[in-house]
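Structure incoming, see below.
Going by the order they are written in, the chains are A, B, C and D; count residues from 1 in each one.
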Amino acid sequence: MDAIANTSNIMKKTPKNIFTEGPIAPAFISDSIAKHSSNTSIGGHSIFLGQVRADVIDDKQVIAIEYTAYNELALEKMHQIREAIFSKYPLTCMHIHHSLGRVAVGEICLFVFTSSAHRRAAIDACNEIVERIKNELPIWGKEILEDASHQWKVNQ
Amino acid sequence: MLIMENGKRIQVFFFGKLSEIAGAATTLSNLHNTDELIQHLHTQFPALANEKFAVAVNKQTIHTNTELPDNCTVALLPPFSGG
Amino acid sequence: MDAIANTSNIMKKTPKNIFTEGPIAPAFISDSIAKHSSNTSIGGHSIFLGQVRADVIDDKQVIAIEYTAYNELALEKMHQIREAIFSKYPLTCMHIHHSLGRVAVGEICLFVFTSSAHRRAAIDACNEIVERIKNELPIWGKEILEDASHQWKVNQ
Amino acid sequence: MLIMENGKRIQVFFFGKLSEIAGAATTLSNLHNTDELIQHLHTQFPALANEKFAVAVNKQTIHTNTELPDNCTVALLPPFSGG
(Lines give C-alpha, C1' and ligand atoms only; values in the text may rest on other atoms or scores of the structure.)
Protein backbone atom coordinates (compact mmCIF):
# COMPACT_ATOMS: atom_id res chain seq x y z
CA MET A 1 0.00 0.00 0.00
CA ASP A 2 1.49 3.36 -0.89
CA ALA A 3 1.26 6.42 1.34
CA ILE A 4 -1.65 8.03 -0.50
CA ALA A 5 -3.77 4.87 -0.59
CA ASN A 6 -3.02 4.34 3.08
CA THR A 7 -4.06 7.86 4.03
CA SER A 8 -7.30 7.75 2.06
CA ASN A 9 -8.05 4.36 3.59
CA ILE A 10 -7.63 5.80 7.08
CA MET A 11 -9.81 8.77 6.16
CA LYS A 12 -12.63 6.48 5.11
CA LYS A 13 -12.73 4.36 8.25
CA THR A 14 -14.13 5.83 11.45
CA PRO A 15 -11.29 5.46 13.94
CA LYS A 16 -12.12 3.75 17.23
CA ASN A 17 -12.62 6.12 20.14
CA ILE A 18 -9.98 5.99 22.88
CA PHE A 19 -11.22 8.85 25.05
CA THR A 20 -13.01 8.52 28.38
CA GLU A 21 -14.38 11.47 30.30
CA GLY A 22 -12.55 11.59 33.67
CA PRO A 23 -10.44 8.84 35.27
CA ILE A 24 -10.35 5.19 34.19
CA ALA A 25 -11.93 3.05 36.92
CA PRO A 26 -10.11 -0.07 38.21
CA ALA A 27 -13.39 -1.99 37.74
CA PHE A 28 -13.34 -1.09 34.05
CA ILE A 29 -9.85 -2.60 33.86
CA SER A 30 -10.89 -5.87 35.52
CA ASP A 31 -14.00 -6.11 33.30
CA SER A 32 -11.73 -5.72 30.32
CA ILE A 33 -9.44 -8.49 31.61
CA ALA A 34 -12.37 -10.79 32.42
CA LYS A 35 -13.77 -10.43 28.88
CA HIS A 36 -10.60 -12.02 27.51
CA SER A 37 -11.08 -15.34 29.29
CA SER A 38 -13.22 -16.52 26.36
CA ASN A 39 -10.29 -16.03 23.99
CA THR A 40 -8.37 -19.19 24.81
CA SER A 41 -5.62 -18.60 22.25
CA ILE A 42 -4.21 -15.91 24.56
CA GLY A 43 -1.22 -16.83 26.74
CA GLY A 44 -0.15 -13.42 28.02
CA HIS A 45 -1.51 -9.94 28.63
CA SER A 46 0.57 -6.82 29.10
CA ILE A 47 -0.96 -3.75 30.71
CA PHE A 48 0.36 -0.27 31.23
CA LEU A 49 -1.45 2.20 33.48
CA GLY A 50 -0.61 5.87 33.77
CA GLN A 51 -1.47 7.34 37.18
CA VAL A 52 -1.54 11.06 38.03
CA ARG A 53 1.38 11.86 40.31
CA ALA A 54 1.38 14.46 43.11
CA ASP A 55 4.42 16.30 41.76
CA VAL A 56 5.53 19.44 43.54
CA ILE A 57 6.03 22.51 41.32
CA ASP A 58 7.46 25.68 42.94
CA ASP A 59 6.45 24.37 46.40
CA LYS A 60 2.89 23.74 45.24
CA GLN A 61 1.48 20.25 44.90
CA VAL A 62 -0.30 18.99 41.80
CA ILE A 63 -3.85 17.92 42.74
CA ALA A 64 -5.17 16.92 39.32
CA ILE A 65 -4.43 17.00 35.60
CA GLU A 66 -6.96 18.30 33.09
CA TYR A 67 -6.53 16.66 29.71
CA THR A 68 -7.58 18.15 26.39
CA ALA A 69 -6.88 16.82 22.91
CA TYR A 70 -7.24 17.58 19.25
CA ASN A 71 -9.69 14.68 19.21
CA GLU A 72 -10.07 14.06 15.51
CA LEU A 73 -6.34 14.14 14.83
CA ALA A 74 -5.57 12.06 17.96
CA LEU A 75 -8.00 9.35 16.85
CA GLU A 76 -6.58 9.30 13.33
CA LYS A 77 -3.03 9.06 14.68
CA MET A 78 -4.06 6.34 17.11
CA HIS A 79 -5.64 4.45 14.24
CA GLN A 80 -2.35 4.62 12.32
CA ILE A 81 -0.40 3.47 15.38
CA ARG A 82 -2.86 0.62 15.93
CA GLU A 83 -2.47 -0.59 12.33
CA ALA A 84 1.33 -0.32 12.51
CA ILE A 85 1.49 -2.28 15.78
CA PHE A 86 -0.87 -4.99 14.52
CA SER A 87 1.29 -5.50 11.43
CA LYS A 88 4.50 -5.57 13.49
CA TYR A 89 3.44 -7.92 16.32
CA PRO A 90 1.30 -11.09 16.34
CA LEU A 91 -1.30 -9.68 18.74
CA THR A 92 -4.68 -11.12 19.60
CA CYS A 93 -6.09 -7.87 21.03
CA MET A 94 -5.19 -4.26 21.68
CA HIS A 95 -7.21 -1.81 23.78
CA ILE A 96 -6.32 1.81 24.48
CA HIS A 97 -8.10 4.23 26.79
CA HIS A 98 -7.03 7.78 27.61
CA SER A 99 -8.78 10.23 29.91
CA LEU A 100 -10.03 13.64 28.89
CA GLY A 101 -11.03 16.28 31.43
CA ARG A 102 -10.05 16.22 35.07
CA VAL A 103 -8.19 13.28 36.64
CA ALA A 104 -7.24 13.65 40.30
CA VAL A 105 -3.90 12.62 41.76
CA GLY A 106 -3.80 8.83 42.31
CA GLU A 107 -6.32 8.14 39.54
CA ILE A 108 -5.65 6.34 36.26
CA CYS A 109 -5.45 8.42 33.06
CA LEU A 110 -4.06 5.88 30.58
CA PHE A 111 -4.82 2.18 30.07
CA VAL A 112 -2.96 0.23 27.39
CA PHE A 113 -3.81 -3.47 27.14
CA THR A 114 -2.29 -5.97 24.69
CA SER A 115 -2.70 -9.74 24.45
CA SER A 116 -0.93 -12.45 22.48
CA ALA A 117 -0.39 -16.21 22.38
CA HIS A 118 3.20 -15.85 23.65
CA ARG A 119 4.26 -13.12 26.04
CA ARG A 120 6.96 -11.35 24.00
CA ALA A 121 4.55 -9.82 21.45
CA ALA A 122 2.15 -8.46 24.08
CA ILE A 123 4.98 -6.99 26.17
CA ASP A 124 6.90 -5.37 23.30
CA ALA A 125 3.75 -4.02 21.66
CA CYS A 126 2.45 -2.52 24.91
CA ASN A 127 5.78 -0.81 25.49
CA GLU A 128 5.89 0.63 21.97
CA ILE A 129 2.27 1.81 22.09
CA VAL A 130 2.90 3.72 25.34
CA GLU A 131 5.93 5.49 23.84
CA ARG A 132 4.05 6.37 20.67
CA ILE A 133 1.01 7.66 22.60
CA LYS A 134 3.24 9.96 24.65
CA ASN A 135 5.16 11.22 21.61
CA GLU A 136 2.62 11.30 18.83
CA LEU A 137 -0.89 11.93 20.13
CA PRO A 138 -2.00 15.57 20.27
CA ILE A 139 -3.06 15.50 23.93
CA TRP A 140 -2.20 18.10 26.54
CA GLY A 141 -2.19 17.87 30.31
CA LYS A 142 -2.77 20.94 32.45
CA GLU A 143 -1.44 20.34 35.96
CA ILE A 144 -3.77 21.91 38.51
CA LEU A 145 -1.92 23.03 41.63
CA GLU A 146 -3.25 23.16 45.17
CA ASP A 147 -3.75 26.95 45.03
CA ALA A 148 -5.84 26.56 41.83
CA SER A 149 -3.05 27.93 39.67
CA HIS A 150 -1.83 25.66 36.90
CA GLN A 151 1.07 24.69 34.72
CA TRP A 152 1.12 22.91 31.37
CA LYS A 153 2.66 19.48 31.70
CA VAL A 154 5.82 18.62 29.78
CA ASN A 155 6.44 14.95 29.00
CA GLN A 156 9.89 13.61 29.84
CA MET B 1 -20.90 35.12 3.21
CA LEU B 2 -18.99 38.27 2.45
CA ILE B 3 -15.84 36.77 3.98
CA MET B 4 -16.17 33.64 1.89
CA GLU B 5 -16.44 35.67 -1.29
CA ASN B 6 -13.56 37.93 -0.36
CA GLY B 7 -11.09 35.06 0.00
CA LYS B 8 -10.13 31.81 1.65
CA ARG B 9 -11.85 31.06 4.93
CA ILE B 10 -9.34 29.59 7.39
CA GLN B 11 -10.35 28.12 10.70
CA VAL B 12 -7.51 28.21 13.21
CA PHE B 13 -7.47 26.08 16.39
CA PHE B 14 -5.17 26.67 19.33
CA PHE B 15 -4.40 23.87 21.77
CA GLY B 16 -2.91 23.49 25.24
CA LYS B 17 -1.11 26.58 26.49
CA LEU B 18 -1.71 28.36 23.17
CA SER B 19 -5.46 28.42 23.83
CA GLU B 20 -4.74 30.63 26.83
CA ILE B 21 -2.93 33.09 24.58
CA ALA B 22 -5.21 33.13 21.57
CA GLY B 23 -8.47 31.47 22.62
CA ALA B 24 -9.61 28.09 21.38
CA ALA B 25 -10.30 29.11 17.77
CA THR B 26 -10.50 31.98 15.32
CA THR B 27 -11.52 32.39 11.69
CA LEU B 28 -9.31 34.29 9.25
CA SER B 29 -9.35 35.02 5.53
CA ASN B 30 -7.15 36.44 2.79
CA LEU B 31 -4.05 34.51 3.83
CA HIS B 32 -2.46 32.37 1.16
CA ASN B 33 0.01 30.16 2.95
CA THR B 34 1.13 29.09 6.40
CA ASP B 35 4.03 31.58 6.56
CA GLU B 36 1.58 34.46 6.05
CA LEU B 37 -0.78 32.93 8.59
CA ILE B 38 1.87 32.49 11.29
CA GLN B 39 3.13 36.05 10.68
CA HIS B 40 -0.42 37.33 11.06
CA LEU B 41 -0.95 35.37 14.29
CA HIS B 42 2.31 36.64 15.76
CA THR B 43 1.18 40.20 15.11
CA GLN B 44 -2.26 39.55 16.58
CA PHE B 45 -0.93 37.57 19.58
CA PRO B 46 2.61 38.73 20.42
CA ALA B 47 2.87 36.20 23.31
CA LEU B 48 3.05 33.41 20.70
CA ALA B 49 6.67 34.43 20.15
CA ASN B 50 7.66 32.63 23.35
CA GLU B 51 5.92 29.39 22.43
CA LYS B 52 7.04 26.29 20.55
CA PHE B 53 4.41 24.69 18.34
CA ALA B 54 3.89 22.53 15.28
CA VAL B 55 1.37 23.43 12.59
CA ALA B 56 -1.16 21.06 11.01
CA VAL B 57 -3.18 21.95 7.91
CA ASN B 58 -6.27 19.80 7.51
CA LYS B 59 -4.83 17.43 10.14
CA GLN B 60 -1.51 16.95 8.32
CA THR B 61 1.53 18.27 10.15
CA ILE B 62 3.53 20.48 7.80
CA HIS B 63 7.26 21.11 7.81
CA THR B 64 7.63 23.85 5.18
CA ASN B 65 5.56 26.78 4.02
CA THR B 66 2.29 25.33 2.72
CA GLU B 67 -0.46 26.72 0.49
CA LEU B 68 -3.77 27.08 2.36
CA PRO B 69 -6.68 25.47 0.49
CA ASP B 70 -10.18 26.97 0.66
CA ASN B 71 -12.07 26.32 3.87
CA CYS B 72 -9.09 24.70 5.51
CA THR B 73 -8.43 23.98 9.17
CA VAL B 74 -5.12 24.99 10.70
CA ALA B 75 -4.10 23.76 14.15
CA LEU B 76 -1.29 25.10 16.32
CA LEU B 77 0.05 22.23 18.44
CA PRO B 78 2.35 22.84 21.40
CA PRO B 79 4.50 19.87 22.58
CA PHE B 80 2.28 16.90 23.49
CA SER B 81 1.89 15.81 27.10
CA GLY B 82 -0.62 12.97 27.09
CA GLY B 83 -0.30 9.68 28.94
CA MET C 1 26.64 -7.29 51.74
CA ASP C 2 28.63 -10.39 50.83
CA ALA C 3 27.09 -13.59 49.56
CA ILE C 4 27.15 -15.43 52.90
CA ALA C 5 25.63 -12.58 54.88
CA ASN C 6 23.04 -12.20 52.16
CA THR C 7 22.14 -15.89 52.26
CA SER C 8 21.84 -16.03 56.02
CA ASN C 9 19.77 -12.87 55.93
CA ILE C 10 17.38 -14.48 53.47
CA MET C 11 17.19 -17.58 55.64
CA LYS C 12 16.18 -15.53 58.65
CA LYS C 13 13.37 -13.59 56.99
CA THR C 14 10.11 -15.34 56.19
CA PRO C 15 9.70 -14.80 52.47
CA LYS C 16 6.41 -13.31 51.31
CA ASN C 17 3.94 -15.83 49.92
CA ILE C 18 3.22 -15.60 46.19
CA PHE C 19 0.97 -18.65 45.81
CA THR C 20 -2.80 -18.59 45.36
CA GLU C 21 -4.90 -21.75 45.23
CA GLY C 22 -6.57 -21.86 41.80
CA PRO C 23 -6.91 -19.01 39.29
CA ILE C 24 -6.28 -15.32 39.99
CA ALA C 25 -9.60 -13.44 39.77
CA PRO C 26 -9.84 -10.23 37.69
CA ALA C 27 -11.51 -8.58 40.71
CA PHE C 28 -8.40 -9.32 42.77
CA ILE C 29 -6.36 -7.51 40.11
CA SER C 30 -8.59 -4.41 40.14
CA ASP C 31 -8.58 -4.34 43.96
CA SER C 32 -4.81 -4.40 43.81
CA ILE C 33 -4.78 -1.51 41.31
CA ALA C 34 -7.32 0.50 43.34
CA LYS C 35 -5.20 0.18 46.51
CA HIS C 36 -2.40 2.08 44.79
CA SER C 37 -4.41 5.28 44.30
CA SER C 38 -3.34 6.39 47.78
CA ASN C 39 0.32 6.26 46.73
CA THR C 40 0.50 9.53 44.85
CA SER C 41 4.20 9.28 44.06
CA ILE C 42 3.35 6.61 41.46
CA GLY C 43 3.21 7.69 37.81
CA GLY C 44 3.08 4.31 36.06
CA HIS C 45 2.07 0.72 36.64
CA SER C 46 3.15 -2.23 34.55
CA ILE C 47 1.20 -5.50 34.73
CA PHE C 48 1.84 -8.88 33.20
CA LEU C 49 -0.83 -11.57 33.28
CA GLY C 50 -0.28 -15.18 32.26
CA GLN C 51 -3.43 -16.86 30.93
CA VAL C 52 -3.86 -20.61 30.34
CA ARG C 53 -3.96 -21.26 26.60
CA ALA C 54 -6.04 -23.96 24.88
CA ASP C 55 -3.05 -25.47 23.10
CA VAL C 56 -3.62 -28.60 21.04
CA ILE C 57 -1.27 -31.50 21.79
CA ASP C 58 -1.50 -34.59 19.53
CA ASP C 59 -5.00 -33.53 18.43
CA LYS C 60 -6.16 -33.16 22.01
CA GLN C 61 -6.98 -29.79 23.51
CA VAL C 62 -5.57 -28.55 26.81
CA ILE C 63 -8.47 -27.81 29.18
CA ALA C 64 -6.51 -26.79 32.29
CA ILE C 65 -3.05 -26.65 33.84
CA GLU C 66 -2.34 -28.05 37.29
CA TYR C 67 0.51 -26.22 38.97
CA THR C 68 2.75 -27.65 41.68
CA ALA C 69 5.86 -26.11 43.17
CA TYR C 70 8.72 -26.76 45.55
CA ASN C 71 7.11 -24.07 47.68
CA GLU C 72 9.85 -23.32 50.17
CA LEU C 73 12.54 -23.06 47.51
CA ALA C 74 10.27 -21.08 45.18
CA LEU C 75 9.55 -18.52 47.90
CA GLU C 76 13.23 -18.19 48.80
CA LYS C 77 14.16 -17.73 45.13
CA MET C 78 11.36 -15.20 44.69
CA HIS C 79 12.63 -13.33 47.71
CA GLN C 80 16.09 -13.13 46.14
CA ILE C 81 14.64 -11.97 42.83
CA ARG C 82 12.54 -9.36 44.65
CA GLU C 83 15.59 -7.96 46.47
CA ALA C 84 17.65 -7.92 43.25
CA ILE C 85 14.91 -6.11 41.31
CA PHE C 86 14.37 -3.55 44.09
CA SER C 87 18.08 -2.73 44.12
CA LYS C 88 18.24 -2.49 40.33
CA TYR C 89 15.13 -0.36 39.66
CA PRO C 90 13.61 2.63 41.53
CA LEU C 91 10.28 0.90 42.20
CA THR C 92 7.53 2.02 44.52
CA CYS C 93 5.82 -1.39 44.69
CA MET C 94 6.09 -4.94 43.42
CA HIS C 95 3.42 -7.64 43.75
CA ILE C 96 3.66 -11.20 42.46
CA HIS C 97 0.95 -13.86 42.47
CA HIS C 98 1.19 -17.34 40.96
CA SER C 99 -1.47 -20.02 40.97
CA LEU C 100 -1.08 -23.48 42.43
CA GLY C 101 -3.49 -26.31 41.65
CA ARG C 102 -5.90 -26.32 38.76
CA VAL C 103 -6.36 -23.31 36.46
CA ALA C 104 -8.77 -23.74 33.55
CA VAL C 105 -8.14 -22.51 30.04
CA GLY C 106 -8.83 -18.74 29.79
CA GLU C 107 -8.07 -18.17 33.48
CA ILE C 108 -5.17 -16.16 34.91
CA CYS C 109 -2.27 -18.08 36.50
CA LEU C 110 0.35 -15.33 36.92
CA PHE C 111 0.02 -11.69 37.98
CA VAL C 112 3.11 -9.47 38.12
CA PHE C 113 2.51 -5.85 39.11
CA THR C 114 5.18 -3.14 39.40
CA SER C 115 4.82 0.59 40.03
CA SER C 116 7.21 3.52 39.86
CA ALA C 117 7.32 7.31 39.62
CA HIS C 118 8.36 7.20 35.96
CA ARG C 119 7.24 4.47 33.59
CA ARG C 120 10.60 3.03 32.50
CA ALA C 121 11.41 1.41 35.86
CA ALA C 122 8.01 -0.27 36.23
CA ILE C 123 8.05 -1.59 32.65
CA ASP C 124 11.62 -2.90 32.69
CA ALA C 125 11.27 -4.45 36.15
CA CYS C 126 7.99 -6.19 35.25
CA ASN C 127 9.58 -7.63 32.15
CA GLU C 128 12.63 -8.91 34.02
CA ILE C 129 10.55 -10.40 36.85
CA VAL C 130 8.43 -12.38 34.38
CA GLU C 131 11.54 -13.81 32.70
CA ARG C 132 13.10 -14.73 36.03
CA ILE C 133 9.90 -16.35 37.34
CA LYS C 134 9.71 -18.54 34.23
CA ASN C 135 13.39 -19.50 34.37
CA GLU C 136 14.20 -19.67 38.05
CA LEU C 137 11.17 -20.63 40.12
CA PRO C 138 10.70 -24.36 40.78
CA ILE C 139 7.12 -24.53 39.54
CA TRP C 140 5.71 -27.17 37.21
CA GLY C 141 2.62 -27.11 35.02
CA LYS C 142 0.78 -30.30 34.13
CA GLU C 143 -1.35 -29.73 31.05
CA ILE C 144 -4.64 -31.60 31.40
CA LEU C 145 -6.04 -32.70 28.05
CA GLU C 146 -9.68 -33.10 27.08
CA ASP C 147 -9.54 -36.90 27.40
CA ALA C 148 -8.16 -36.54 30.97
CA SER C 149 -4.68 -37.58 29.90
CA HIS C 150 -1.92 -35.09 30.60
CA GLN C 151 1.46 -33.79 29.54
CA TRP C 152 4.06 -31.87 31.50
CA LYS C 153 4.39 -28.36 30.20
CA VAL C 154 7.70 -27.15 28.77
CA ASN C 155 8.41 -23.40 28.89
CA GLN C 156 9.59 -21.79 25.67
CA MET D 1 15.08 -44.65 65.06
CA LEU D 2 17.14 -47.59 63.86
CA ILE D 3 17.65 -45.85 60.51
CA MET D 4 18.86 -42.69 62.21
CA GLU D 5 21.47 -44.61 64.20
CA ASN D 6 22.62 -46.61 61.21
CA GLY D 7 23.58 -43.57 59.18
CA LYS D 8 22.54 -40.35 57.57
CA ARG D 9 18.85 -39.89 57.07
CA ILE D 10 18.16 -38.34 53.64
CA GLN D 11 14.75 -37.10 52.59
CA VAL D 12 14.35 -37.09 48.82
CA PHE D 13 11.62 -35.10 47.05
CA PHE D 14 10.58 -35.63 43.44
CA PHE D 15 8.81 -32.87 41.52
CA GLY D 16 6.82 -32.52 38.32
CA LYS D 17 7.06 -35.50 36.01
CA LEU D 18 9.59 -37.19 38.33
CA SER D 19 6.91 -37.57 40.99
CA GLU D 20 5.04 -39.85 38.59
CA ILE D 21 8.11 -42.06 38.32
CA ALA D 22 9.27 -42.16 41.92
CA GLY D 23 6.40 -40.82 44.04
CA ALA D 24 6.48 -37.49 45.81
CA ALA D 25 9.10 -38.40 48.43
CA THR D 26 11.23 -41.18 49.89
CA THR D 27 13.64 -41.50 52.82
CA LEU D 28 17.05 -43.09 52.35
CA SER D 29 20.14 -43.65 54.49
CA ASN D 30 23.74 -44.75 54.21
CA LEU D 31 24.50 -42.61 51.19
CA HIS D 32 27.43 -40.23 51.51
CA ASN D 33 27.19 -37.93 48.55
CA THR D 34 24.95 -36.93 45.67
CA ASP D 35 26.69 -39.17 43.13
CA GLU D 36 25.94 -42.20 45.31
CA LEU D 37 22.39 -41.00 45.82
CA ILE D 38 21.68 -40.47 42.11
CA GLN D 39 23.21 -43.87 41.30
CA HIS D 40 20.96 -45.45 43.92
CA LEU D 41 17.86 -43.70 42.57
CA HIS D 42 18.63 -44.76 39.00
CA THR D 43 18.80 -48.38 40.16
CA GLN D 44 15.58 -48.08 42.13
CA PHE D 45 13.71 -46.09 39.40
CA PRO D 46 15.17 -47.01 35.99
CA ALA D 47 12.75 -44.63 34.19
CA LEU D 48 14.74 -41.70 35.67
CA ALA D 49 17.36 -42.41 33.00
CA ASN D 50 15.17 -40.67 30.41
CA GLU D 51 14.67 -37.54 32.48
CA LYS D 52 16.56 -34.29 32.79
CA PHE D 53 16.71 -32.81 36.28
CA ALA D 54 18.74 -30.56 38.56
CA VAL D 55 19.57 -31.56 42.15
CA ALA D 56 19.21 -29.34 45.21
CA VAL D 57 20.64 -30.24 48.63
CA ASN D 58 19.00 -28.33 51.46
CA LYS D 59 17.48 -25.99 48.86
CA GLN D 60 20.83 -25.16 47.24
CA THR D 61 21.19 -26.29 43.64
CA ILE D 62 24.46 -28.22 43.26
CA HIS D 63 26.66 -28.52 40.20
CA THR D 64 29.25 -31.12 41.30
CA ASN D 65 29.23 -34.17 43.54
CA THR D 66 28.29 -32.93 47.02
CA GLU D 67 28.63 -34.41 50.52
CA LEU D 68 25.24 -35.14 52.11
CA PRO D 69 24.97 -33.67 55.63
CA ASP D 70 22.94 -35.45 58.33
CA ASN D 71 19.17 -35.12 58.01
CA CYS D 72 19.42 -33.37 54.72
CA THR D 73 16.78 -32.77 52.10
CA VAL D 74 17.50 -33.57 48.47
CA ALA D 75 15.19 -32.41 45.69
CA LEU D 76 15.14 -33.60 42.08
CA LEU D 77 13.95 -30.74 39.90
CA PRO D 78 12.90 -31.27 36.27
CA PRO D 79 12.91 -28.21 33.96
CA PHE D 80 10.64 -25.49 35.37
CA SER D 81 7.40 -24.58 33.65
CA GLY D 82 5.76 -21.97 35.85
CA GLY D 83 4.17 -18.74 34.68
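Keep in mind that, in the parts below, contacts are C-beta pairs under 8 Å (C-beta built on N, C-alpha and C of every residue); 3 or more make two chains touch, one makes a residue touch a chain.
If you're wondering where the values come from, they're calculated on a predicted model, not measured in any experiment.
J.: Taking subunit C out of the count, group the remaining chains by whether they are connected through touching.
T.: So the groups, subunit C excluded, read A, B | D.
J.: With chain centres defined as C-alpha means, what is the inter-centre distance between subunit A and subunit C in Å?
T.: The mean C-alpha positions of subunit A and subunit C differ by 25 Å.
J.: Approximately how many whole Å separate the CA-defined centres of subunit A and subunit D?
T.: Each chain reduced to its C-alpha mean, subunit A and subunit D end up 51 Å apart.
J.: Mind checking the centre-to-centre distance between subunit C and subunit D? Centres are C-alpha means, answer in whole Å.
T.: The answer is 27 Å.
J.: Hunt down the residues of subunit D that sit against at least two other chains at once, touch-wise.
T.: none
J.: Residues of subunit C that contact two or more other chains, please.
T.: 50, 130
J.: Write out all the pairs of touching chains, ordered by chain label.
T.: A-B, A-C, C-D
J.: Touching subunit D in the complex: which residues of subunit C?
T.: Per the touch definition, subunit C meets subunit D at residues 50, 67-70, 72-74, 76, 98, 109-110, 130, 133-142, 152-155.
J.: In the complex of these two chains, what residues of subunit C are touching subunit A?
T.: 26-27, 29-31, 33-34, 36-54, 105-108, 115, 117-119, 123, 127, 130, 156
J.: Please give the residue numbers of subunit B that touch subunit A in the complex, ascending.
T.: On the subunit B side, the touching residues are 13, 15-17, 19, 56, 59, 75, 77-83.
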